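Labels A, B, C, D, E and F are assigned to the chains in the order they are written; within every chain, residues are numbered from 1.
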Amino acid sequence: MARIGVFVCHCGENIGRTVDCHGVAEACKDVPGVVHSVDYKYMCSDPGQQMVKNAIAEKGLTGVVVAACSPHMHEKTFRRATAGAGLNPFLCEMANVREHCSWIHEDREKATVKAVDITKTIIEKVKRNVPLNTIRIPVTRRALVIGGGIAGIQAALDIADGGREVILVEKGPSIGGHMSQLSETFPTLDCSQCILTPRMVEVYQHPRIKLYAYSEVESVEGYIGNFKVTVRRKARSVDEDKCNGCGACTQVCPNKKIPSEFDCGLGKRTAIYVPFPQAVPNLPTVDRNKCLLFMNRAKGRPDTCKKCADACAKGAIDFDQQDRLVTEDVGAIVVATGYQLYTIGKDQPKDNLKGYGEYGYGTIPDVIDGLQFERLASASGPTSGKILRPSDGKEPKRIVFLQCIGSRDPQKGMEYCSKICCMYVAKHTMLYHHKVHDGQATVFYMDIRAAGKGYEEFSRRAIEEEGAQYIRGRVSRMWREGDVIKILGFDTLEGEPIEMDADMVVLATAMRPQPGIDALAQKLSVSYDQHGFINEAHPKLRPVETNTAGIFVAGACQAPRDIPDAVAMASATASKVLGLFANEMLEREPTVACVNEANCAGCFHCERVCAYGAVEHKDIKDRAGNVVRVIAYVNPGVCQGCGTCQATCPSKSVELQGFTDEQIWGEIQALGV
Amino acid sequence: MGSHEHSHDHSGPEPLAARVQRMTGLNPACCYQCGKCSAGCPMAAETTLRPHDVMRLVARNRLDKLADADGLWLCLTCETCTSRCPNGCDPARTMDALREIFAAGKDGKPPKAISAFHKSFLNQVRNHGRLFEMGLIMSYKLGGGPMFADVTTTPSVLARGKLGLAPHNVKGMDEVRRIFAACAEEEAQP
Amino acid sequence: MTELRELARRLLSEGTVNAVLGWEEGPRGARPAFVTTPEGADTLIFDHRCVHNLASYLSPRRPHLKRLGKVAMVLKPCDARAVAGLIRETQIPRDKVVLIGVRCGGVITDPDSTAPLTEATVADRCRGCPDREGHLADHTVGTAGPGFAGPSKRAQKIEELAAAPAEKRWAFWQSELEKCVRCHACRQVCPMCYCDRCLADKTQPRWIESSPHARGNMAWHVARAMHLAGRCVDCGECERVCPEGIPLGLITRKIAQVVSERYDFRPSDDPAVPAPVGTYRMDDPQEFIL
Amino acid sequence: MKIGYFPGCSLHGLSREYEESLKAIVAGLDTELVEVDDWSCCGASSAHGSSHLLGVALPARNLAIAEEQGLPEVLAPCAACYARLASARHEISEDPQLAGRVNNVLVRDFKNTVRVRSILEVLKGQIAGIKARATNPLKDLKVACYYGCLLVRPVQVTGGYDDPEDPSSMEDICKAAGAVPVKWNRRLDCCGGGLSMSRTGSVVRLSAAILKDAKAAGADAVVVACPMCHSNLDFRQKAMKHRGAWEGDMPVLFLTQVVGMSMGIDPKTLGMGRHFVSTDSVLARTAGTGSGSGTGTNSAAAVAGEVG
Amino acid sequence: MSTTTFIRTEDLKGLVADLRAAGIGVAGPARTSDGAVDYRSINAFDDVVLDGQPRNSLKQFFLPPTEPLFKYQRKGSDVAILEISTTFPPRVILGARPCDAAAVDVLDKVMNWDYTDEPWFGRRAATTIVTFACPGGDRSCFCTSVGLAPDATRGSDLLLAPAGDGYVVEIVTEKGQALVTANAKRFGAGAGVEATQAYRDKARASVEGHVPARPDVIRAWVDAHFEDPFWAEISLRCHGCGGCAAACPTCHCFDIVDEPETLTEGTRRRNWDTCQTSVFTAHASGHNPRNDQCGRCRQRVNHKFAIYPARFNDILCTGCGRCARTCPAGQDVTEILTRIVAMATGQGGAA
Amino acid sequence: MDATTPAVAGGFEPRITAFVCNWCTYTGADLAGTSRLQMASNVRIIRLPCTGRIDPMFITKAFERGADGIIVSGCHPADCHYNAGNYHARRRFAIFRELMDFLGVDTGRITFSWVSASEGGKWRDVVNDAVTRVRALGPFTDYRKLVVDPVATATGVVPPEHVGKEVPA
């Protein structure tokens, strides 16, 4: 039989003014199971808490109801007091007679009746409460960072500098990401590679960072503090231990005409290649789709070309290397997979992206995108920093930049603003102006979004000091006539149509998440939006956490981000990870779901509604070891306690502790007439 | 019963944007004035009312400015604006709705020549069920169209057997007239 | 029929299955049959009186049937939806049962009736049923009649009720539900009710009072309707077996209409199609929410 | 193959050569055109600009009749008719309320089951047949395929049978007929459409730009699939000259005529003589292998007698 | 006592009117909303439908599907019990079937076994059962195989059988006599029992031979074959729905539950239950002695034809055939009993 | 009258049970309190972690126990603390509401709303509207009548739940 103590708080005048607190305490005395019912001026004061403790000891209470303010205010206080008296803290609950009663009603009689009801509801709940214990989960204090761009690099370095091991997985042959492709960065125009390269080297040399380049996450199991990650280490065809990065192999490769991914197709590379001179790790990789030997093998022909192997003094070339799967235990994961650019061609990866036929579907050679322009402007780029047209290598004297290509365009692209284009277009006009002094840069824009430290000043400089012509309006059509590009536009400020000729056009195409992010998100069971960007747990207050505990997000895989944003996010994830790793054990509220194994029918409706992937399949075996039933098991480390599973379970075989059906039934019962 | 009352009592005509939205199901506020429509408009050079101007004036409730200009009637309904609009605004359909508003005659008048042409055209259809081109030319002229610059070419048209001299009346004339009448009646309702 | 018997005989004699679930001629018309020998295959029948949804027998709630071992089951296109449901909800592994589809042009309501299958006698759920054969079966036998077009009498009754004022509906359902004696036959025959321990049998807490008074009956039928929402395959068994003649099909059909209208879902015999309850779309209609 | 056929007013009036050539070629393509009974005008741009409902109801009447005739699809060769019919179908299917209003106005139980096909869509499906029957392939005839506005856009209405910004079906059909499509820029620009009578000046400006671009690209002829475009580009060449906007003569052919020529059909049958700009130059280029009349005379008198 | 009298149809109608006027409830087989026939409260004899067996038996008139036993109130740790009356106002059931009337008499034994069931006998005392001799049944009827007959008087207070323009009335009990006496003007001279003989013979012929009339043989076989594979075989098709038990005039198992109404008040109720469901024998421990349908199917036959006979020397079955008619899966008691007799007499075995 | 019955001063005062989620509506109701927004006192809140936890049976049980009206309220779409609980609840209650309507329950008695933690004012409006609406509908006696007070039978009246089954006197 329950022995419940009820403690009604006056909260000074706050409750006492409109609620007859003594009357409430008296009314509760008749409730079956209540053995102690008192009222007091300030329950949360030390003497008030002491009253609770004393009553627990003296009356042998099995449950405590404090009728006072919102549980959001003082639940912790009174649970602590309860625990202090040796009673399980989860046997204490609060009846909210302040926010939900005294503060919103004037009529004393009505408010008192309501306060009694509220208290009775909680009495009935507490009668059915059971002792719960905080869940403690061991934490593996190593982190996985997915993506070796600037965000991933920053996160990895910060975590490693914080004293924890990091595994950094990069799918490309080198870390560095898009930032390594940039020429200069806005708004300071400092050299991108100059600031990035040292960080890349630091990663490589850091004793607590294990770098898996040319690798991808194969699968992820487990939950916060206890992930098991399988990484596919793709075969480079080069023995990492033997190779000394001399580059002799790349010199002799006969296939030299492969468009370089790093140079966005504007430069060429060989089939065995290092993507760029500062690559980390500085190891060549054989592109098996382009290597003559592998092309021959694919056709069933004998190996002919082995020039690279012959050239290698270390015997590091290994054509028979296979992909390897390695498994790592980690306690936290940072997703930093970055972005790709919208391509304007017809062959868009998703149906709703139609490409830009009116701009020639990207078939006009001198229409390039912003990243290609970066490569042209980069001193290490295919033109050694000269702005030259891809079609004929001439210097364009009239260059036109179009903003919002694929951005802010729900019809053919994405409705969102890609955030960085306004700034990099301004930067491009300046770089162009610095390199082609007699050239004219024109920008078609819709709005200039330059909210950032020094950003507005920077974009104004492009217009005011560097001669860029800004035309407010979108371009309707472009086509090629002879060697000029005809542009049909409209100046909405002037109110006139514009037909202009350009030698080169740069499209500021939209930022999109990396292809395959959806598959990765599914492996991690984190949610993503309709564009594929990873969802943060809360847009304001938990911007670098995902809805899956222990998985964090940094950089442009969450939304379009510029470098400072990405770096700030990365450091934020590192601080979250280090915070998580501060303790060997993780403590969690015991408000988690629990399966009644005898009752579970194994329909897995719970699994379908669980947003966290907390429901697992559990085999029930007979004595002979045969599986006789498969039932649900809720992993308490993963469960967040929403209880959707319980409402969904047809046989009510899963119970959310702290909000069980018994408890809620009692509450409803308490309100009966 | 509810605590907040909703009333449409504040008098005055319905805002143009709301009216257009009611007619077309499109939200004129979607236009962010990028001008891509006008950039591709074949009539942009001739008209003072380019598609993005139209969208703006609708959003700003400027029935007066729209009524003042010929632009609406110069639209070729080529759908270029609609096809290229990044935000799905459909200026062509919006202009249809505006023409409809003005054709009803209560809010301003369409330019004589173009209006006369459309009137003649529809009269032909109402009276015969199909277009009687010769009849159209005649009635257009009588209805106030400019002295037809092509009168000189008409004989050559006839000579090529291109113009019939007598109208063809469809059998379902009653139905066609009923459609005209029913539409007029339907549209007349508030 | 020969085709069916031949197939059953073959499956049994080759040892592919230990038993074939089908229909036979019983003392009171067609009834479920459990054939365990090749010779027994000759007792199998299929005609328009084979109304029973045998999928219920696959439910794991029946240990006495599990002992038969691997079974083949004869199924109508509508029964296939139930089997798909059981597979979808991980109640039976697809590879543990052989499915013999029979082409079907509709059944009547009473397996003991001698009436021919006509527009007048066809079971209401068959009106408008587009499926002549299921897609789930391993083997498909027989030929099907052309099927029957609407109008469904239940749909008409639902419309009639919907048009009536709420008090009328309340009165109608009270007069019907009051008849319920809570034998739970509706649950027992339902292929989609497979919980070992039904919610209605749970006592802590007692959400659904076991007493067959109007209040307990209301709670039971509301819970049943909610549990079957988006899962009911419209086999009509609950209504057929109700010893008190309560028109339970009106409720299940109504909910099916709601689910179909709101979420564009109809019961499917494809186990891969997710059920509409347990999934969501971010833009689901929510006109009823303030 | 049987397909519904909605000629529209122009094909029975100013552009009867379009119908003549269409009928001539479908015979060779094993296609039967079933004319929509007692069809009426689609309302063109005049209807939808004055009453939206009328603009939907007039085409819907024709679709309803076709539906009653049991026609699953209807070919509207005129691009404007196609646009009106297809857009009526689209709007009715998207808007159940509009569907109800249309049915009320029509007093017909119209279920909106008839698909509307453009000439490009239909001929694209027959490319193999066209190739097979091109006994007289138009070798070296350089054509500028002109789509104009309404054949391929907006894509919601057309259903996307061709790319709205970079279409290829007309080129494909012309290639099948042996002609050589040129690459040019103004394939999708508007010719001035319905303003032909009321604002000839605009039409002259727009159409002349199109012809100039075609000429610059080296085209021998412009190919169209719209009576309005044809009228503006062909008939208005004279006015263009008057106003000094255009020099020279650019034959403007209907796509069906191009196909017909490749099949070796008599130019008279194809109505080649009805054009204002002589098609002789085109016919001359294909003369060697042509059947029958060789150089078609394009004098008005030569054909006037035969058509009433 | 077995005297006869006669009532004309007109008087029967008048009798109903008289009873109603006197505030006495009258029930009889009448049409339900879904077109079936069931025992219902009637206002006039014209409501009575005599063709077709009522869907349910008379059981629910004496053992309702749910009935309150008492109400309780709690205050603090005190509990107060509020008794519920077991005295009921008088009523007459007109047009009962002999098999249904007999069932009530069969159940009197168990209801008066280890204690006297007050609500049951309260209702029994208040109720006069006027049975109409059965016109004959269908192939599932077998009353003659369990010692009854279409014109059996067991359980009836009066038995009516049609003759001429009315009914020959057999007065079976004193309660029946009291009804006749209280309404003497409605009864009078008429044809004798012999006038109904053809009617009775025809009815008897229609039900005979469906099940061998060997209850002793059945009982012996059931007693001796608890583990026979026969039970597993017949249970295969059973859904465990309990429809048979609900429809059965003699199945009488019940469950007792406390239903709280508010925090402090509630009712103890008695509700129908059936041995055909898994929860019927489920123990709180989780153990279930009858953990599959095989045991449950056996139990039903066992209880009716062996256990009840052993305890009360009576058969817990009146051969009404409702279980066979209602079974959704075609389980048929006539088939089961016939096969048992055949097995017992060496003419067959489990398939 | 015991203390649990709302004061009846000149008319019917409905009893309304509200099932709300902890993160949005409960906190929104807290905000209404801290903002001292006055509202009708007829609503009793039962706090749950998420609308996804709310089972339709809670509602039938509350009706059984004499509630005249119900409020179900949680986070706006996309705001769910648990990502998707409210989406699941939305489907569940869309169906439940139609079911109740079909069974003849006036759906005006059941209010569904999204009230965020910042919408104290909206919570007040939801409460006041629901109270006004249910007050107009009157007490939900239909549901309460589903089972009789057995005390009545102590006087010898036959339980009306047997109407049709037992002959009334």
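Going forward, a contact is a pair of C-beta atoms (placed from the backbone, for glycine too) under 8 Å apart; a residue touches a chain by one contact, two chains touch by 3 or more.
Since this is a predicted model, take the numbers as computed values, not measurements.
*Asks:* State which chains count as neighbours of subunit E and simultaneously of subunit F.
*Replies:* A, C
*Asks:* Quick check: more C-beta contact pairs at A-B or at A-F?
*Replies:* Between the chain pairs A-B and A-F, A-F carries more contacts.
*Asks:* Greatest Cα-centroid separation from subunit E: which chain?
*Replies:* Most remote chain from subunit E, centroid-wise, comes out as D.
*Asks:* State, to the nearest whole Å, the distance from the C-alpha centre of subunit A to the C-alpha centre of subunit D.
*Replies:* Those two chain centres are 54 Å apart.
*Asks:* Can you compute the centre-to-centre distance for subunit B and subunit D, using the mean CA position of each chain? Integer Å is fine.
*Replies:* Averaging C-alpha atoms per chain gives centres 23 Å apart.
*Asks:* Can you give the whole-Å distance between the Cα centres of subunit D and subunit E?
*Replies:* 85
*Asks:* How many Å are there between the centre of subunit C and the centre of subunit F, using C-alpha atoms for each centre?
*Replies:* 33
*Asks:* Could you list the positions in subunit E whose residues touch two or more of the other chains?
*Replies:* 60, 65-66, 261-262 - these are the residues of subunit E that touch more than one other chain.
*Asks:* At least two other chains touched by the same residue of subunit B: list those residues.
*Replies:* Within subunit B, the residues that touch at least two other chains are 80.
*Asks:* Residues of subunit C that contact two or more other chains, please.
*Replies:* 179, 197, 206-207, 211, 213, 216, 277-279
*Asks:* Of all residues in subunit A, which touch subunit C in the complex?
*Replies:* Residue positions touching the partner: 598-599, 601-605, 608-609, 629-630, 648, 650-653, 661-662, 665-666.
*Asks:* Considering the complex alone, what residue numbers of subunit C touch subunit A?
*Replies:* Counting only subunit C, the residues touching subunit A are 60, 89-91, 194-199, 202, 204-207, 227, 274, 277-279.
*Asks:* Can you tell me which positions in subunit B touch subunit A when the two form their complex?
*Replies:* Subunit B residues touching subunit A: 32-41, 44-45, 50, 52-53, 80, 84-88.
*Asks:* Looking at the complex, which residues from subunit A come into contact with subunit B?
*Replies:* My answer: residues 358, 404, 408-413, 446, 472-477, 488-492, 495, 497-498.
*Asks:* Can you list the residues on subunit C that touch subunit F in the complex?
*Replies:* Contacts found on subunit C: 158, 161-162, 166-174, 178-179, 207-208, 211, 213-216, 218-219, 222-223, 225-226, 229-230, 251, 254-255, 258-259, 262-263, 276-282, 284-286, 288-290.
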